[in-house]
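Below are two complexes that have chain A in common, paired first with chain B and then with chain C.
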Partner chain A sequence: MDNVILDVRNFNVTYVNKYKKVYAVKDANFSINRGDSLGIVGESGSGKSTMAMALLRLLPEKSTEISGSAYFLGKDLVKLSEEELKKLRWKELSVVFQKSMNSLSPVHRIRTQVEDIYRVHNPKATREEIAERFIHLLKLVNLSDRVYNLYPHELSGGMLQRVSIAISLINNPKLLIMDEATTALDVVTQGQILDEVVKMEKEMDMTRIMITHDMSVVATSCNKVAVMYAGEIMELGYVKDVLKKPMHPYTKGLMASFPSLKGKKEKLQSIGGFLPDLSKKYEGCIFAPRCSSAMDICQKKPPVIEMENGRTVRCHLYGGER
Partner chain B sequence: MKNDSFICIDNVSMWYPAKGNRVFSGEKRYVKAVDGVSINMDRGEILGIIGESGCGKSTLGRILARLENPTGGDVYIEGESTGNLLKKDPKAFRRLVQIVFQNPYDSFTPRDTIEEILMRPLNIHSIGKDKDERKKIILEALESGGLHPAEEIARRYPHELSGGQLQRISILRAMLVEPKFVIADEPVSMLDVSVRAEIINMLLKLSREKDAAVIFISHDISLTRYISDKVAVMYLGRIVEYGEADEVISNPRHPYTQALISNCGSIDPDEIMDKIKVEGEPPTPINPGPGCYFASRCFKASKECFKEYPATHDVGGGHKVACDRLY
Partner chain C sequence: MKRYLFKRLLTGLLTIVIAFVINFLIINLAPGDPIKTLMGKESDDPVLRAALEEKYGLNKPLHIQFFSYLKTAMRGDLGISIIYNRPVADMIAEKLPATILLVLTSGVLSLIIGTAMGIVAARKEGTFIDVLFSGFSYILNSMPSFWLGLMLIIIFSTVLNILPTYGMTDARASYTGMAYVLDVIKHMILPVGTLVLIEIPMYYRIAKSSVLQVTNEDYILTLRATGMSEKKIFNKYIFRNAILPTVTIFGISLAYLITGVSLIETVFAWPGTGRLVLTAINQRDYPTLIGIYLIMSVSIAVVMIVVDIVYAILDPRIRY
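Up next is the complex of A and B:
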């Protein structure tokens, strides 16, 4: 079991305010082995970002309830104190957001900012040591070392996002979470950054969670995929299994709504209906109202069915009691 | 040159004066957002325009709807300049040409109900005899756009509807006045994939029914292939490749299009192609020449490419490529 980097069990995230509760993530179970790259796909409002933020414990504690467990290298992220978390952040566990580049200070050189960040965990590090390290990382993300002495405004969006990725890697983290980190970029830049990330991962022995709404990003850069809908993981498994042969009706629907670049033009399908109101509790399958293969039994909660190759599907179609 | 095509985009340019003009030397600098674009379109044709952010595709869309006047060239509809058309009869021109914007949340008055919003174009263009008839038209349009129950939707305010529903209404609103030319500027990029298909299929259906020419501006190549008859690829304000959608996307000839398509991910994990590396970022659109604008990033570039902007070559079947290194 020491190959497991992150093990998430019965993970729930609920947003609470005076008037209502919103069940944003419900009963999530998954684990990531060392060297894996897990893509979490889902539409807006499916809870994918909430899950990442909750794992990082970045949600405001007053208004969120987190239950279940998330063991990261043997420590339960849900129960850690702020002090202990500080030790983990950047060092073992780091994150890149969609707009991470906006968090760079406009009035300091990249160099100054990187030195500050590195010294949080290594207060005695010398400038030369840091420069050497960071320039190596810049090479990994395909930037020239000239960038190190520039100000953020001198770089383009794609370059800044690359800098953010390099910064997230500065302490050699065990787990990197990328939350729509390449979404705002151009096709060409995105394609290249994804390639670089995959390459760099091999070199640095890193594990990655990739949150995205774009199936093609998962297809090109991940080996496992979790499909989320309305806060629940509907289907989980290896990319080559899930995307080749989607089983859950939602995954099928999602795949059919992506047009392909090659082959015949098939009529694009869409999934009718809307996301359910997540402030209510539902008895049956959460996808049933929009599902084309819904049956009577879907009024009851579907079981999570385990298939070969570690694949799980949350659907009545594949067994359980009928 | 101006010709008989339904829509003729003739050498259109949009040069914005750049900051830092050198007053004393008299040298002027421009941001060449759109730089000499010429395309012809037939009635009912759907033309996809693809390109990266900043390549000028939205500016081109705004010029076509005459929200901006081009600094060079002109756009002709049935042989008449859109500038003249707009001057002569603004109302008629706005009825002829409609535009759908990217963000449906921003394109409606928050204080009006959907009925009031859709009533306005009908009132302005005097479509329908009286209020009752107009209301009937609105309800029919909503039904045809898959918005049920129409009565209920018409009573709602924009904030009570989802982005997908709003974008459908935005397209319906544009189509209510039966335009002959519709510009859709990234109409689905804000929406979730599962509702995109509906919107796209609706746009396709309406434009076929009304025989309207559509410009579909997008950065999503596979979607553009799905919807368009013809595709134009833009890079730094210029069209670098143009032709039948299938032909251009399955058999790209310009190195930029090749790189763009090779970097476009597929959802089939077995179908991962070798990506063509493109070095660096697009240069600034301030005086990008001389030579081919793409030359500095191009994997095929030779010395000649930096000397003169390449001529446009027809490689067969109306497939045009602005590159001298085709073979």
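Up next is the complex of A and C:
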């Protein structure tokens, strides 16, 4: 078991406000082994960022309810005290946010912020030491060392995203969560950076969760994939299995709505209908209203069915009572 | 930064020049013919008129007249008060220090107190302290300044009899040195207190909403994710970002105080320009009035330049 970096069980995240509850993540189960890279895909609003933020314990405690467990290196992130958590933050567990254009303070130099962040865990580090380390990381993300002394507004959105990636790597974290971290980049830069990240992972013994809309990002840079829909993980497995032969009707639909990965020109299809209202509880399969294979039994909640090679599918088509 | 500084000083200078132009035009547009006044009602000798026009330069084109006006104004000659028959510049110079003392003291105090309250309320949003401060600020916000001044006089002088209400010094005693300073401070408490109370709500609101907004920014979330202590995040990152709007407000509020202080000076018989303005208005003393407005416009322009430069130092995005 010491190969497991993160083990998430029965994980639920609910946003609570005065008027309603939003069930944003429901009964998520997955685990990531050392050296894995898990892609989480799903359409906008399916709860990907919410899950990441909850794992990082960055959601305001007042307005969210989290249940279940998430063992990270043997410690339950859900129950860990803030003090214990601080020791893990950024050193073992770091993140690149979806809106990384705004993830640096506009009135401080990048240098200042990097120094402060590095000193959280290395209070005695000298400026030279930090500069050397960070300039090395800047090279990895294809930026010149000139950037180090600039203010955020002097960089483009894509450059800022790369700075954020570099900052996330500053402590050689065990687990890196990237939430749409490469969306602001052009295809060439995105490819280069993904290559670098994959290479670094091997060298630095890093594990990664990659949240994205883009199947091709998953295909090129991840070995496992979790497909999320309306807060639930619908299908989970190795990329080579899932992309070759998607089983869940939603995964099939999602794949059909992306250009063919092999470059064949096909007509893109979109999945009809909309994401359901997450503030309601649903009896049966949450995808049923949009599913073309829906059956009578889909009025009942589908179980998570385990297939070979660690693959799971949440759908009545693959077992349980028919 | 150098370029910005240069540009800002230039536009500031331009503002001041425009203030002078407007001032000059007001004098020119004012009803009445100065030559006629000089010649007396009865006589209407064209030779004398021409000679007088020649003497005062009134036959020259308007822009030449403007430059000679500018030159005399620069030398500190703002004309003669028609009521007191004294140079306007001298009268203003006599009264100005008292007004500046009042305006700057209350400006700085309200900035500090209002901002501190706003920050505390934002940090403790929804708690009793927040509700208390917000209520306090709401009540103050709806009070007219002169009325508040009168209430303070009633409470602290009439009832409690602990603070003077009149003037800047005790007229019956002639203190020197430290005793003089203390005497002035004692006289300042009520007028400054009134102005501070009136100004607090503005700083309070801005500081509170700005801290709340910055706290929700993504870069603060990133810093939290790094495990940085809340104290450091607040002291270095939230504060520095949240203080920016307050700097702007400080400029506006100071300008507002400079022009709005007259009323409070009257209520407390403070010997500043405020009273000069009111007497000048009442007695139609145009030269005095125009002189004071000129000084006010120039001081506001200067305040704005300083505030903008401070802002540029704090916010790198401005220094284009």
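Assume the second predicted complex is superposed on the first by the 307 of 322 C-alpha atoms of A that agree within 3 Å, B and C clash if a C-alpha of one lies under 4 Å from a C-alpha of the other, contacts with A are read in each partner's own complex, and residues count from 1 in each chain.
Following the convention adopted for this analysis, contacts are C-beta pairs under 8 Å (C-beta built on N, C-alpha and C of every residue); 3 or more make two chains touch, one makes a residue touch a chain.
Source: prediction; values computed, not measured.
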Checklist entry - Now for A:Val107: first (chain B), second (chain C), both, or neither, which partner does it touch? => result second
Next on the checklist: Going by the contact rule set out at the top, does A:Val187 touch chain B (first), chain C (second), both, or neither?
Outcome noted: first
Checklist entry - Touching A:Leu176, do we find chain B (first), chain C (second), both, or neither? => result neither
Checklist entry - What is the contact status of A:Met159 with respect to chain B (first) and chain C (second): first, second, both, or neither? => result first
Checklist entry - More residues of chain A are touched by which chain, chain B or chain C? => result B
Checklist entry - Regarding the shared-chain residue A:Asp214, is it in contact with chain B (first), chain C (second), both, or neither? => result first
Next on the checklist: A:Cys291 in the overlay: touching chain B, chain C, both, or neither? Say first, second, both or neither.
Outcome noted: neither
Next on the checklist: Taking the superposition on A as described, I'd like to know which of chain B and chain C A:Ala70 touches: first, second, both or neither.
Outcome noted: neither
Checklist entry - Which holds for A:Leu6: it touches chain B only (first), chain C only (second), both, or neither? => result neither
Checklist entry - Shared contact residues on chain A for chain B and chain C? => result none
Checklist outcome for this item: Within the complex, chain A is touched by chain C residues 217-219, 221-228, 232, 236-237, 240-241, 244, 314-317
Checklist entry - Considering the complex alone, what residue numbers of chain B touch chain A? => result 52-53, 162, 192-198, 200-201, 219, 221-223, 225-226, 249-250, 259-272, 275, 277-278, 281
Item to check | Residues of chain A defined as touching chain C within the complex | outcome: 56, 58, 85-91, 94-95, 97, 99-100, 102-108, 116-117, 120-121, 151, 153, 164
Checklist entry - What does chain A use to touch chain B in their complex? => result 43-44, 156, 158-159, 186-192, 194-195, 213-217, 219-220, 239-240, 243-244, 253-262, 265, 267-271, 274
